[in-house]
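Shared between the two complexes below is subunit A, which has subunit B as its partner in the first and subunit C in the second.
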Partner chain A sequence: MEQLFILTLDASNFILAIILVAMGLVIIFGLMNVINMAHGELFLLGAYTVVMVERLGGSYWLGLVLAPLAVGLVGLIVEELVVRHVYHRFLDTILATWGLSIAIKQAVVVAFGPASHTVSSPIAASIEIFGAPYPAYRLFIMAVALLVIAVTFWLFFRTAFGLAARGVIANRDMAACLGINTRRLDRATFAYGAALAGLAGAVMAPIMSVDPQMGLGFLIPAFLSILVGGAGHLAGPLLGAAAIGGTDTLAANLWSPVVAQIVVFTMAIVVIRLFPRGLAGRWFGG
Partner chain B sequence: MVAGSSLGAFAMTSRAPSRLLLVNLAVWGALALAPLGLGAWQVGQLAQYFTYGLFAMSLALIWGHCGLLCFGQAVFFGIGGYAMSLVTLGMVPGLEAAPSSYLGVLCAVLLPAGFANLLGRFLFYGKGLQGAYFAIVTLAIAVVAERLAINWAYIGGLNGLMNVPPMNLGLLGGGTEIWDSVPVYYLTLALVFAVYLLLEALTRSRYGIVLRAIRDNQDRTGYFGYDTAGYKLTAFTLGAGVAGLAGALFVTQFNFASPPLIGFTLSTEVLIWVALGGRTLPLAAFLGAILVRSVENVLSETLGTYWLLALGLLFVLSVVLFPRGLIGEIIHRLTAPRRGVVGRNAKPP
Partner chain C sequence: MLSVAGLEAGYRGSRVLNGLDLEVAEGTVAALLGRNGMGKTTLMRALMGLVTVSAGRIVFRGRDTAGLRPYTIAKLGIAYVPQGREIFADFTVEENLRLGLVGRPGGARRVPAAAYRHFPVLAERRGQRAGTLSGGEQQQLAIARALVGQPRLLLLDEPSEGIQPSIVLQIAASLKQIAAEEGLTVLLVEQNVEMVLSLAADCAFIENGRVAARHAAAELRGDAAILHRYLAV
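Then we have the complex of A and B:
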């Protein structure tokens, strides 16, 4: 029972971490039809912002606040310089952002070196759950993820910005005809998505080894979650991440992490093939 | 645009081919004469780049002509490489006595092609996967394939298979081995040229026109009564076979097959070569691979970590500004008739 509870906590932890990354991706994909392959590197930049702030003598919490701002700014620049020129060439957005991801990753190597850094956990305490100690910081991560989900849903379903954004998702040309400034919306969306990636990176930094390769490890599960869950609906990544993260944690506990990855990826490919609109598309018709 | 490009394809018969023929003669002539002016080591190096070039052509076929952005093309290259290694090392049960290079090449072409065919049947038919979904699924397959190769002891695990023998002229192995760099160079060049001619003929044929029609507008092509999934399947299968052949040639020169051959990194590298070279012309993709590898060889020592940074930025720039690729753009400027768009090297949508 106790083991089952810890397993559930671990799974929820992984699922919420994927959602943190996938949320930004699905917003950018849904609104702009851009597959952002550089998202993993925006995550990376978030983690390195914390490393840099700590190196300059700031606290972890300052880094956590600065990371989404800094990475959001990077997103704004990237959108202006690169992404906006390839909107109309769908497959080329994948390539252009992929090239960006290589460049950003390498820029990090140039600036910080290829070795890994550690960020010490700002909340060292652990909490007793059913008699077993569980790191309190992991609970903090889960709280942040839930907060991000809540804010994003509020933003998209309760504000004027969200209404306009959903209008553009449904029919871009019609929304533009009705006077919605799609250009400004695109810019804001990309920056928001990037900021979420930066926040995710900063939040995850203390429990990962911060190195230039850390982005890819999250990018692929996040992409698969979106496709499995359904890219057309904001709830898609929630379902997808639950399927991917849950299966992964379970398989890793039953067998090994390697088997888990193979099982999860294979399962994802089959689900994507059978339900191209994702689980959310199937259930919500969205 | 679509009507214009198909008209252009017919108009091409008048003047443009002669200029394209000149470009081809210049390139292949220069490659045939290159060993005269190069040292043995450089000749060996160039022969190895030819296998990368062949690999790039396989991706140019399915991506540039059929619109299948494959992030896992190295899976086929790797299967080819491993198949060749296993056969020529005599590790295949029942075939220990016949480490034949011919049999190895045959397996290296048929196995990846067969795998691609099964995969394609699963992915293209029925509801079918489009654009980005296909890219991400192939990306996941490449990651899984590399993971499998690392954890499969029979094919050497993380260390891979060492001491892969070079090409052997004996029918069942045991004949003359081709070691020296100049014979290896010409053998590779001949095979690459043969495949190049095949792909050229294919992309100029009616079949090639249908492939490009699918790339430009799959639904419309389908409404015209073409079996789009079938066309994509044959192109994907053929591309995998060519990639497998490239993998087989690579391991005979490199004498070593290891998990990176099958993985994600090589899959993305080949995308960069093809994007920089040119995705719509086999020749441009081929030269793109050779060019990037050669420049990397020269510059990676002086530039160090900045090299990859420069390559990434160049890649972005090329995707945004030159969808034909850098070499494709040059060939286009050299060969395009003044009055309009030419079918095969038309700007990708």
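Then we have the complex of A and C:
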């Protein structure tokens, strides 16, 4: 019983962490049809913002607040300088953002060196769950992810901004003909997606090794969860992450992490084969 | 109010409009007729900024709008009901109408009751997904969505397409009433001659990307030969 509970907690933790990364990715992809290969590097910048703030004597919490703001600003600049010029050229968006990801990664190496940094956990306490200690910081990560999900859904389904953004996703030309400033929406959405990546990086920094390669580890499951869940609906990455994260944790626990990888990729292939528009495409028709 | 001079526009590799001139006076309903492929829809899309204008001028209320982005043109007071309606099928009727408002200054959240006045069927179906409406209802929604932003000029592209004749007449009657009440200027592209004659005061015939002739609607009622010359296949 306890073991099952801890396993569920571990799975939820991984699922929510993937969602944190995948959310920004799916917003940018859904609204602008841009596959942002630099998303992992925006995640990286979020983590390094924390490293930088701590180096300057600030607290972890200050870094956590500044990371989404700083990375959101980077997103704004990147959209204006690079991404804006390759809309409507789907393949070029992949190349351009891939180039960008290399540039950001190298800039980080130049500024901070190739070695890894550690960010110590700001909440060191453990909470006893069924007699087993569980790090309280992991529960904090889950709370942040749930908050991000709630805020994002509120933003997209309850506000005028969200209505306009969904209108642009559904029919960009018609939305523009109704007076919706598509340029401003593109800018705001890209910055929001980037800020989410930055926040994710800052939140995950204390439980990871902060190095220039750290973005990749989460980018792959995030992309997979979008493919499995479907990119046409905001619920897509939620379902996808649940499927990917749940399978991964379960298989890793039953067998080994290597087997888990095989199981996850096999499942992804099967799901994509059966539901080409993803699980959300099947259930929500969007 | 709208003055188009020497307009050239088209798509990659093929120019559709070849020096088109057109004047639409404030508060009038003008119709644009012509066979398929003559450039009617391209003109509408060029007026809305959806097609790149390569030469010529479009002056709307004293301002040259050629080269502006669609949302800027919409904000100046031009609303567009495209061919095929292009309603947001997965959104509710009310959300469709709200989308007609969010781009407006102030960006009102609530759809004013007046938006439903001419189209009571939309009020009944406000919570329903727009994709489940009938063709005629979708057309009314597209028109209501365009009007809710209180435009000065309404561009209507083939509003009768794919709709039962009885509904077409009903929509025409509503439009006529709205135009008269609000002093709205309308540019109508339409194949349905009956609808055109019931709504428009002035008709322009488009041929090979330019206006070939203009006639008052009253003239056309008495002279079928003109219609035959420009519309018969």
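Note that in this section the second predicted complex is superposed on the first by the 286 of 286 C-alpha atoms of A that agree within 3 Å, B and C clash if a C-alpha of one lies under 4 Å from a C-alpha of the other, contacts with A are read in each partner's own complex, and residues count from 1 in each chain.
In this text, a residue touches a chain if its C-beta (ideal position, glycine included) is under 8 Å from a C-beta of that chain, and two chains touch if they have at least 3 such contacts.
Given the structure is predicted, the values throughout are model-derived calculations rather than measurements.
When both complexes are overlaid on chain A, the residue A:166 reaches subunit C alone and has no touch with subunit B.
Looking at the superposed arrangement, the partner reaching more residues of subunit A, out of subunit B and subunit C, is B.
In the superposed model, A:118 lies in contact with neither subunit B nor subunit C. By the touch criterion stated above, A:86 is placed in contact with subunit B alone, subunit C being left untouched. Residue contacts after overlaying the shared chain place A:268 against subunit B, while subunit C stays out of touching range.
In the superposition on chain A, A:180 contacts subunit C only, with no contact to subunit B. On the subunit B side of its complex with subunit A, the touching residues are 67, 69, 122-123, 126-133, 135-137, 139-141, 143-144, 147-148, 151, 268, 271-272, 275, 305-306, 308-309, 311-313, 315-316, 319-320, 323, 348-349. Note for the complex: subunit A touches subunit C at residues 160, 163-164, 166-167, 170-171, 173-183, 285-286. Residue ranges on subunit C touching subunit A, taken from their complex, read 48-50, 69-71, 74-75, 79-80, 82, 86, 88-91, 95, 98-100, 102-104, 107, 109, 145-146, 149.
Chain contact summary for the complex, subunit A toward subunit B: residues 35, 82, 85-86, 89-92, 94-96, 98-107, 109-110, 114, 220, 223-224, 227, 258, 261-262, 265-266, 268-269, 272-274, 276.
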